[in-house]
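There are structures below to look over.
In the two complexes below, subunit A is the common chain; its partner is subunit B in one and subunit C in the other.
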Partner chain A sequence: MNPVDKRRREFFGQAAAIAGAMIAPGLMLYEYAEAKAPGEPVSGKVRWGMLIDTTKCAPGCRECVDACNRENGLPGTTRATDSQWIRKVDLKDLKTGKAVSLPVLCQHCAEPPCVDVCPTGASFKREDGIVLVDRHTCIGCRYCMMACPYKARSFVHETTTGQSPDVPRGKGCVESCTLCVHKVDKGGTPSCVEACAAAGHQAIVFGDLNDPSSEISKRIRAATTTQLRADLRTDNGVRYQGL
Partner chain B sequence: MTAAGLLRAVLAAALLLAGSGAVLVASASGPAVDAARSGPCVEDPKVMRRSHMDFLKHDRDDTVRRGIRGIKHSLSACVDCHASKVDGRVLGSEKHFCQGCHTFAAVKVDCFDCHASTARPAATAAAAAPGSPR
Partner chain C sequence: METNSARRAFWALLAAGGAVLAVALGAAHYMEVHGHAVTGMNNQVVWGLPHVFAIFLIVAASGALNVASIGSVFGESDYKPHAPLSVLLTVALLAGGLMVLVLDLGRPERLVVAATHYNFRSIFAWNMILYNGLFAICALYLWALLERRLGRFAKPVGLAAFAWRIILTTGTGSIFGFLVARQAYASGVIAPLFIALSLAWGLAVFHLAQSGLARLAGREPMDAELHARVRRLLAIFVIAALYFVAVHHLTNLYWAKQVAFERFILVSGAPYPALFWAGYVVLGSLVPLVLLFHPALSSARATAAASVLVALGALAFLYVFIVGGQAFPLEIFPGYEAASTFGDGRVDGYSPSLPELLLGLGGLAASFLIALAGARALPILAPAKVAIAAPAPAK
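For the complex of A and B:
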């Protein structure tokens, strides 16, 4: 190789490295601009959702349920009066024998029946699609529990102790999955999603349904997914694959 | 020393204690509470004593309904700062910050029926290390 060629190559090599460094921060900036800063209000441009791939969900595995209980300070007991934000459900088609196991939680409906029936406005849907209970205004009437087609809500029957500072909960209020809103507001991911990934199943994908480039949007575009009780037209934020 | 002289001495000592920003805040006119940290509050203490409940009520809706986190008047921030050095709590006895004052003023405090009355572990560790940033 003659010396002129070598210099040319070095020049192009350095130029490519500099161009790469310029582009990478540009992409990062774009991503951060889309994410919400903790001090900003939520916006309707985002709609949080979840995709649960039942073909990857292992029967008997309760990692998501346990992670939810730990994160939200729930007792983890399953008496009829105990709070359960996620339930593992096993289904079997009696004709074909096909069995599936899936977690069922608040479906974060776009048209939530619980919000329709709440007499005080305590049950509400945030701009970004997360359905919550404002416990400051909840009177514990439990109409929302009756209205929910998914049995997703629980009533706190007993005095609570050992709450997490981020998840206040107390006797006399209705509660349900918050999509770990305290983590999502700071750019995090719900605990069940993290636990499922840590257990090696990766059956749950969390993301923005309104962003066409998010992983969840790509997945629901590529594969057939279903919303539970789609006939009710509640337009659930939680979708299931392989049901 | 006469009785009046003794009273003056006690009052002077109490003033000195309060003026030096000591941990045990004691005065003739209020409850003695064991606050973990000295240093400025988010508002003037006089304003806080009168209006803390209004600040909390205003900002709770911003957090619950609009998802604004890390706001100035956050109950968990109150607890992190004011929790006792001994057990990291704001309730439990009349030495504890919230309960001490609420018992003195005979006002029921029901925030902690739902909210955690214990500081986050990180906040307790920061309080134990003197001179650490808030």
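For the complex of A and C:
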């Protein structure tokens, strides 16, 4: 074999190895973490959801809130006009005095009232259950905020600063938790879930409610969980344990 | 023949209305540039004073059509000469209300998006079609009323306008009635309540506009017999509205889950109980009823005073209904006391800002200008009655 052919062979070998190394994790992710390829439509076979175990949620802990603010470029201030996509709510049972702390965010309802009332269709639900606002067609009427049973939505009251490239925001539009759709579509997990786990609480489980073998499905089968305002039959994607 | 003083008065009123409108447009621009942070509205009370004015104007618009409907649909010929003004007022009030609503949007420049993207599950989207449809029907109606050759169309178009306005006000009421999660709303009775309110508010505005415009034009006031009928009708409409308001609150009081909200709105949640009882019930309804029914108070001035009070009572009612309804904490966790950084479990404050008030007044000014200019440009006002000479007695 002449030296030129040998170098050529080595070059092709190395190129194939590099290409393989680059593609393989992607294939693995698509296969095992249910990520979707860019351009691939969202599948209705998946329904993303969350289980929040209030018995593990620590009072005073704000790791999930801070992580959400960092990930989505939110200011993190709590004036009445500031956006809060996720908030910690402290509850006290009026009869027994039992105290519970839990995060409340968009419940990603199967029958979302915000989507029903939106005049332009800017509020919409993806096939995989994630409820979003199209920032290009939201006219800022705030009817969705009137309709949301969970106060999950915020209106951008002033010019935004420090935006994240993955999360467009804009003055005059309504916004809410996206379930970190920009991460989920790449096989990732919402930031609040990661932050809760990193803090050692493991109070939030994220996964596919339609997959019987997912951890969230197993947990929901094993323990009693509740949906907020279940009387409204909005069939929330976020469920609570210990409430 | 128009006198010089009448001409001067017209231009002075036009200039005054124009000035208020200009200031309102400036306020809207200020809110758009700085965002809603400069208003009193926030993430808990998302609809504020602009909506109070906008809903008042839109509900009154539908009611202003009363007089035309009574003439065209129910065949009461005494009302027919006033039908054109009735239709013009509907257009004027609707335009003023929609102006406020649009300028309060977070993205008012996206009106074209609202006009091209419809979600037919949304009552808001239906209302956009209903509002635009009413403009079109009113234009045809006015044409049929003013053009003698089209007179035969006045009845069918009037019937269509009557049906349309009932559906439209049902839609306006349902903006609130369909809010399933809110204690203050979520009720089927809100749609008929809004229709009853529209009848009263629209007739009150009609009476004020008719007497004002007739005076400006140097015409005689409404003839005494018709005036007496309008007074009785306004009183009946005020009672009908009170009835539906009472039914709404009594129904709520019967449900244990609504008692806390009713206590808030009717007793403890200052300033709303005072606005409701003193503003809407006493000054906006009971005092006008005395003014309208008392035999010693049958003057046009008493009717005008009653009409002004009904309109002010309307603003008080809507402030309680819209702002008070949102200020009460949304019940997400029944049986628990809740606290958070986002207003959970807490009554929310709302202080209307000056730009919001100016925008609301701008809506009134826009309606005023359209009515004023329309009544001058078109033969809108009822012609003076021609006295028919009695036949001379036989000698």
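The criterion applied here is as follows: the second predicted complex is superposed on the first by the 206 of 243 C-alpha atoms of A that agree within 3 Å, B and C clash if a C-alpha of one lies under 4 Å from a C-alpha of the other, contacts with A are read in each partner's own complex, and residues count from 1 in each chain.
Assume a residue touches a chain if its C-beta (ideal position, glycine included) is under 8 Å from a C-beta of that chain, and two chains touch if they have at least 3 such contacts.
All values reported here derive from a predicted model rather than from experimental measurement.
In the superposition on chain A, A:K186 contacts subunit B only, with no contact to subunit C. In the superposed model, A:L132 lies in contact with subunit B only, and not with subunit C. In the superposed model, more residues of subunit A are touched by C than by the other of subunit B and subunit C. In the superposition on chain A, contact of A:A222 is made with neither subunit B nor subunit C. Looking at the shared chain after the overlay, A:C173 reaches both subunit B and subunit C. Legend: residue contacts after superposition of the two complexes on their common chain; A:Q163 is shown touching subunit B, with no touch to subunit C.
By the touch criterion stated above, A:T81 is placed in contact with subunit C alone, subunit B being left untouched. Using the contact criterion defined above for the overlaid structures, shared-chain residue A:V42 touches subunit B, although it does not reach subunit C. In the three-chain superposition model, subunit A touches both subunit B and subunit C at residues 136, 159, 171, 173. The touching residues of subunit A, counted against subunit B in their complex, run 36, 38-42, 124, 126-128, 132, 134-136, 159-160, 162-166, 168-171, 173, 181-182, 185-186. The touching residues of subunit B, counted against subunit A in their complex, run 60-62, 64-71, 76, 79-80, 113-116, 118-120. Subunit C contributes residues 32, 34-37, 42-44, 46-47, 105-108, 110-111, 113-114, 117-119, 121-125, 128, 175, 178-182, 326, 330, 332-333, 335-344, 348-349 to its touches with subunit A in the complex.
By the touch rule above, subunit A contacts subunit C in their complex via residues 78-84, 87-95, 100, 104, 113, 115-122, 136-143, 145-151, 153-159, 171-174, 228-229, 232.
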